[in-house]
Amino acid sequence: MNIAAIIQNQTSHAESVLFYLLAPITVICAVGMLLVKKAVHSALLLAAVMISLAIFYILNEAPFLGIVQIIVYTGAVMMLFLFILMLVGVDSADSLVETIKAQRILGIFAAVGVGGLLIALVSKGNLGRPLVGLQMANGDGNVQGIARLIFGQYVWPFEVVSALLITAALGAMVLAHREPDSDKKNQRALSEERVRQSSQPVAGLPGPGTFARHNAVDIPALLPDGTPADLSVSDVIGARGHLAKPGDFKFIETTDEDREGK
Amino acid sequence: MSLGTSSTLVYLIAIPLFSSAFLLLAGRALDRIGHLIGTAASASSFIVALFELNKMLGRDGESRGVTQHLFTWINVGSFQVDATLLLDQLSICFVLLITGVGTLIHIYSISYMSHDIDRRRFFAFLNLFIAAMLLLVLGNSYLNLYVGWEGVGLASYLLIGFWNQKPTYATAAKKAFVANRVGDVGLSLAVMIAFVQFGSVTFEGVAKGIEAGSASSTALNAMGAAILLAAVGKSAQFPLQAWLGDAMAGPTPVSALIHAATMVTAGVYLISRSHFVFDNAPTAQLLVVIVGAITLLFGAVIGMAKDDIKKALAASTMSQIGYMILATGLGPAGYAFAMMHLLTHGFFKAGMFLGAGSVMHGMNDEVDMRKYGALRKVMPITFATFGLGYLAIIGVPPFAGFYSKDKIIETAFNAGGSKGIILGCITLLGAVITAFYMTRVMLMTFFGTKRWDSAAHPHESPWLMTIPMILLSIGSITTGFIFSNGDRLKNFLAPVVDQHHHEHEAELLAPMVVSGLALLAVAIGISIAIAKYGRKTIPASAPTDVTIWTKIARRDLLQDDFNENVFMRPGQSITRVLAYLDKRVVDGAVSGVGAMTLRLAGDLRKTQTGYVRSYALLILLGTVAVLTAILVVTL
Amino acid sequence: MNPMNYIYLSCILFSLGAAGVLLRRNAIVVFMCIELMLNAANLAFVTFSRMNGALDGQIVAFFTMVVAACEVVVGLAIIVTIYRSRRSASVDDARLLRL
Amino acid sequence: MNSLTILGLLPLVGSAALFLLPKGSDLLAKQVALGVSIVVAIAGLGMAFSFDRSVTGFQFVEKHQWIPAFGINYALGVDGISLLLILLALVLTPIVILACWNEAEGGRWSVKNFFGLILILETMIVGVFAATDIFLFYVFFEAMLVPVYFLIGGYGTGEKAAAAVKFLLYSLFGGLLMLASIIGLYVISGNQLKAPTFDITELSQLSIDPVTQRMLFLGFFIAFAIKAPLWPFHTWLPDAARAATPGTSVLLLGVLDKVGTYGMIRFCLSLFPEASKEFGPTIIVLSLISIFYGAFLAISQGTSSGDGNIKALISYTSISHFGFITLGIFAFTEQSHSGATLYMINHGFSTAALFLIAGWMISRRKSERISDFGGLQRVTPIMAWSFFIAGMSSLALPGLSSFVSEFLVLVGTFARYPIPAIIGTIGIIFAALYILIPVQRALHGPIAPGNENLTDLTLREKVAIAPVIAVIIFFGFYPQPLLDVINPAASATLSALEITGITGGK
């Protein structure tokens, strides 16, 4: 690496091409994220933005971060988003009609204002600053450089952040966990409940055809007084009008002739 | 004048004071003998006073005064006031009057108050009064005097309101106290002026300061006016006279002791004591004379219209004190005569009040003279003593009042110039009216026909009441002659009040002429009264078809109406307005700030829509503002 | 090409994210926009790191990613909880901040 | 043992003991509180006897570093004025505890907490009067509000919560102004001295330019005027007094409010002599307004036919009295200064007596309205006469303690400002009215319905009130022991003002 490369203010042409190719795509995706109705589409557009950002990281001599960006963001975080979208309902479309007075105008104004002001301030702040580049810092390799810093100078923040991650995991569990509404019922409680509900027979429903002349599914069982028990046949059969009446199968002294006549 | 010391002066005050405290603190246990203790205390004080008089007479004129230093009372920087007692010729007159007449009235009260369940308390208050009054006349400085001054005001308040279960009596007591307080303002101011001008508030220090000429005449006139204001309040002089009539709400012995013989004359004492101020403050002195002259006539006119025997006597007291104040305003010549009239008045007026009390005692506490009549036969002793007092007050020789009043009229005429003639005529006119209304009182009470209520069974009072009356009437016969014979009192007092003025002023009229005029005036007054009240029967209720002037006189010359409309009503209005303003404006301003904050908060609260996005928008707008600021600064 | 272009891109992405937070009502989309803002910041960090020749910017971006991951985990859990009780993922429906 | 710290800590220890007592041991709590306060009072009186009257400046000085970074010290010390005010508090506390034995029942919190709060308040009072470090003073000044707030809000009657909040807000407002001034002083001291400091002796050496001095003076003065209270900063007082229990009112009006007038002497005058002189005439006018305003409003409570409130009346009389005190302070003469200081003590006792007896009247009659009373002199003579004597002291009857102080104030004022003194003197007429009107309505007259069966003072109440009345009478006749302590401090304050002494006389 030469000194000239270190103090150059320009990046390589290849990088320029890539940038000018990708930057509009990124911006368009971001804008689209705002405009599409469905949340799933937003998520997909965001994923696109993140992937292009990962490429920008790599272009900026941060290959480690670029990879991490893809793994963590596009891989893990976006996956989480999609899972939640699945829980909430994939096709839950967002109405884009604004309900808060002046929110849209002011919001756009503020966003444009912040963007414009930031660009203005940043461009003022950079006048005449040379590009140093990371050739020196990445001399032993980008991952090694970062590892040296993380496990050296930044080891304490790193530990703190790891604690934060664990806490966040616990927090998510606590938040998403739903306590049962009441204690789980045991067998005794269940049977007591069943006995108290007098409309339900304690020992299960009677089967069809019991004490009747016929034991088909459409023949109701007969109660001791000879009346049919409606509970013994499925509601569906009753609704379709296929229910047989007890009288349909009256006991008739049949003779052999009769049988044969049939 | 170097004064001797005496270690016994303090007992004069201490005995009644401790007796009073003892009676009050001991509670009901002493109900049976409380009155005896009280009387004994007063009598002991009188004995000490006689003992002191005896010692005093043993010394020669210039060094008769004695002092007793008790302790340093207040000492702040140059403001030093010692609790020191001073007994000189002027004080001793008062001390003897207070303790002497006071003791007699104590004795009288034993019987008069015998049916009152609070008799012990009554005697405690009487003793408190005696102690305070003695402190008033014995203090060697204006501030010591002030303590006694307010002390007698307190005792007077307590005794006027003794039967305060009656709301009107309680109001009368309050009125007396407040009127006295107005006077006290004057005394306070006098002390302040004295301190600032002379660096001392003792009589001696002030006198020396004036002698050294360390005060301007403006200051002296102001001090004189302040002292006069004090005297006016205490002695019920115009324009603070209104309380005295109402003060008759108190038990009659109180009226006799406090509101006739002693306390109300404190103003005369104060002016006489401050002669060194007035001698150098002609304007203030003139004011004194004017106040005296007005009150003299004022009281007399009211006296003519009153049917209440005590109020008639009260009006008479006011008028007589007017005489005394007028006399003190006449300069060195007048002090001694004022004192003489004060002393004789103490005897005859106290006697007459006790007589009135005796009449009321016999008439079921009836005070309306129109319900009296023909009492001379059933109450001979009362009639006799009252009659002697009557003769004394109207100035019939050789009774006491003749000597003293005659001297005042004479001095008034001799005041010089037109002032002398006017004052002389006023005093003569006063004498006419005095004779008239006193004769009216006599006629309505003791002569004429019976106009008693059916329930009344008038009877003579018991001996405990008559003996003090008899003794006082003896005093009203003899004192005038004793005091004036050879100018005895004048010479006795001369070292105190008349140190520098021995030249005799020119006489406008010869003494004999003045006496003749005075007697003529008395005769005119008596004859009018007899013509009006002696011949015909007096209606049992006051006639209503009278002239507007009589009505005004019956309403105390509108004094209460005046006070009510000029001071009380506006005062009440101010009070109400201030109470309103305090709630609405002063407190309202603060509450208003609070209410405004609340309202502002209520309005601002509406910006809190609860939409997270609104908050986010505000944050971002804030960011825009900050960035703009940065941009503007870096441009 | 001047590397400042990355920074400008970062600014644009940041303000687009901010606009999304302000304009969208679906809580999940709002969340995604926040992620976008964080990523925009990361891009700036990485670019500055390169411009200054020090890896510290990348470290910060790394930490940001970790914290963002935590935030997503907790935030999505909260969204789920709210959705469970309200049957809605709209941020306008949760107005408990208002009395 | 002459340590102000120990003196101040004793009540705090006592209150901690009270809080540790088990629930329900009310009687024991009262006994412990009474015992502790009596021990403290005796210790305080013992200290007073070893106070050297010939020395000007602070005695019993203690100084420890507290926050060295800001030059803040824990510094205590007393001169004649603060010694007497501390004694006033120490003597009144056991009396209040004894007099208000049953006052805490029915409060929001327990009885032991009530007495615990009173003892905490006692500690604060000792601290506020003894502090010679201005920051320490401020801490006590504000901390003092806390127990009072709870005493009013937790145990009062009527609109107690509103009154407590009003009291707190007014005091905090003044306190914040004062804090601003204190910080200002600190900054100036940093510019002029080697190191910035909060020590008042050092701060009084500063030379501050007139404009700054005026601003700083006003910060202090308004805080103290609210506390005192001076018209027009007074409106919290009647509400607080109406809502507070009588015992609380005694401590509030009798002792706490003296912090205001004490502060004017200790801080306003000694730290800002020029501004004090400049504002003196204005403050004298405010004082005169206070005198009459308080008197008129007290009269309006007395004369209003229905809702005249006896506690409000007493609080308005206090506004009038505080007018006299500030008049004395800003008249800048030896007499007026000594008188004003003496007035603080005397007013403490006479108001204490009035409030305690009014409290007993109210607790018996179950009403605070003056028109509900009548004829008490016949029914409950001892109570009625005690009230009468207290009232007489309040209207400054000669022979009772207030007279000496009131007269000294007036005579001292007259020496410098004759016209205000004359106007102030006229105030004594209204003093007579505002005392005699309630006396007539409540004590005199026929026995009003509902008063027939009231009981007279119990032995406990007699024991509580007797020392107060004894003090009132004794110092009326012999105030010199107090004046001997006050005079050196008063003249030291005046000499710091560098005013050519107008002391009267030639």
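Going by the order they are written in, the chains are A, B, C and D; count residues from 1 in each one.
We adopt the following convention: contacts are C-beta pairs under 8 Å (C-beta built on N, C-alpha and C of every residue); 3 or more make two chains touch, one makes a residue touch a chain.
Just so you know, these numbers come straight off a predicted model, no measurement behind them.
Asks: More C-beta contacts across A-C or across B-D?
Replies: A-C
Asks: Counting only Cα atoms for the centres, state how far chain A is from chain C in Å.
Replies: The answer is 19 Å.
Asks: Roughly how many whole angstrom separate the Cα centroids of chain B and chain D?
Replies: Inter-chain centre distance comes to 37 Å.
Asks: Taking each chain's centre as the mean position of its Cα atoms, how many Å separate chain C from chain D?
Replies: About 62 Å separates the centre of chain C from that of chain D.
Asks: Mind checking the centre-to-centre distance between chain B and chain C? Centres are C-alpha means, answer in whole Å.
Replies: 94
Asks: Specify, in ascending order, the residues of chain A that touch 2 or more different other chains.
Replies: Residues 100, 103, 106-107, 110-111, 114, 118 of chain A touch two or more partner chains.
Asks: Going by the touch rule set out above, which residues of chain B reach two or more other chains?
Replies: In chain B, 609, 611, 613, 617, 620 touch at least two other chains.
Asks: Which of the chains are touching one another, listed as pairs?
Replies: A-B, A-C, B-C, B-D
Asks: Over in the complex, which chain C residues touch chain A? Could you list them?
Replies: So the residues of chain C in touch with chain A come to 1-9, 11-20, 22-26, 28-29, 31-33, 35-36, 39, 42-43, 46-47, 49-56, 58-59, 61-63, 65-74, 76-81, 83-84, 89-90, 92.
Asks: Which positions of chain D touch chain B when the two form their complex?
Replies: Against chain B, the touching part of chain D is residues 170, 231-232, 234-235, 293, 296-297, 299-300, 303-304, 333-335, 338-339, 375, 377-378, 385, 392, 397-399, 403-404, 407-408, 410-412, 414-415, 418, 421-422, 425-426, 428-429, 431-433, 436-437, 440, 443-447, 477-480, 483, 487, 490-491, 501, 503-506.
Asks: In their complex, what parts of chain A are in touch with chain C?
Replies: Touching chain C: residues 6, 9-11, 13, 15-16, 19-20, 23, 26-27, 30-31, 33-34, 39, 42-43, 46, 49-50, 53, 56-57, 60-62, 64-65, 68-69, 72-73, 76-77, 80-81, 84-85, 87-88, 92, 94-95, 98-100, 103-104, 106-108, 110-112, 114-116, 118-119, 122-123, 126, 129, 131-134, 136-138, 142, 145-146, 149-150, 154, 157-158, 161, 164-165, 167-169, 171-173, 175-176, 178 of chain A.
Asks: Show me the residue ranges of chain B that touch chain D in the complex, using the header's touch definition.
Replies: The contact residues of chain B facing chain D are 24, 71-79, 83, 143, 146-147, 149-151, 154, 157, 161, 164-167, 170-171, 173-174, 177-178, 181-182, 184-185, 188-189, 191-193, 195-200, 214, 571-572, 574-576, 578-579, 582, 586-587, 589-590.
Asks: Could you list, by residue number, the parts of chain C that touch chain B in their complex?
Replies: Of all residues in chain C, those touching chain B are 18, 21-23, 25, 91-92, 94-99.
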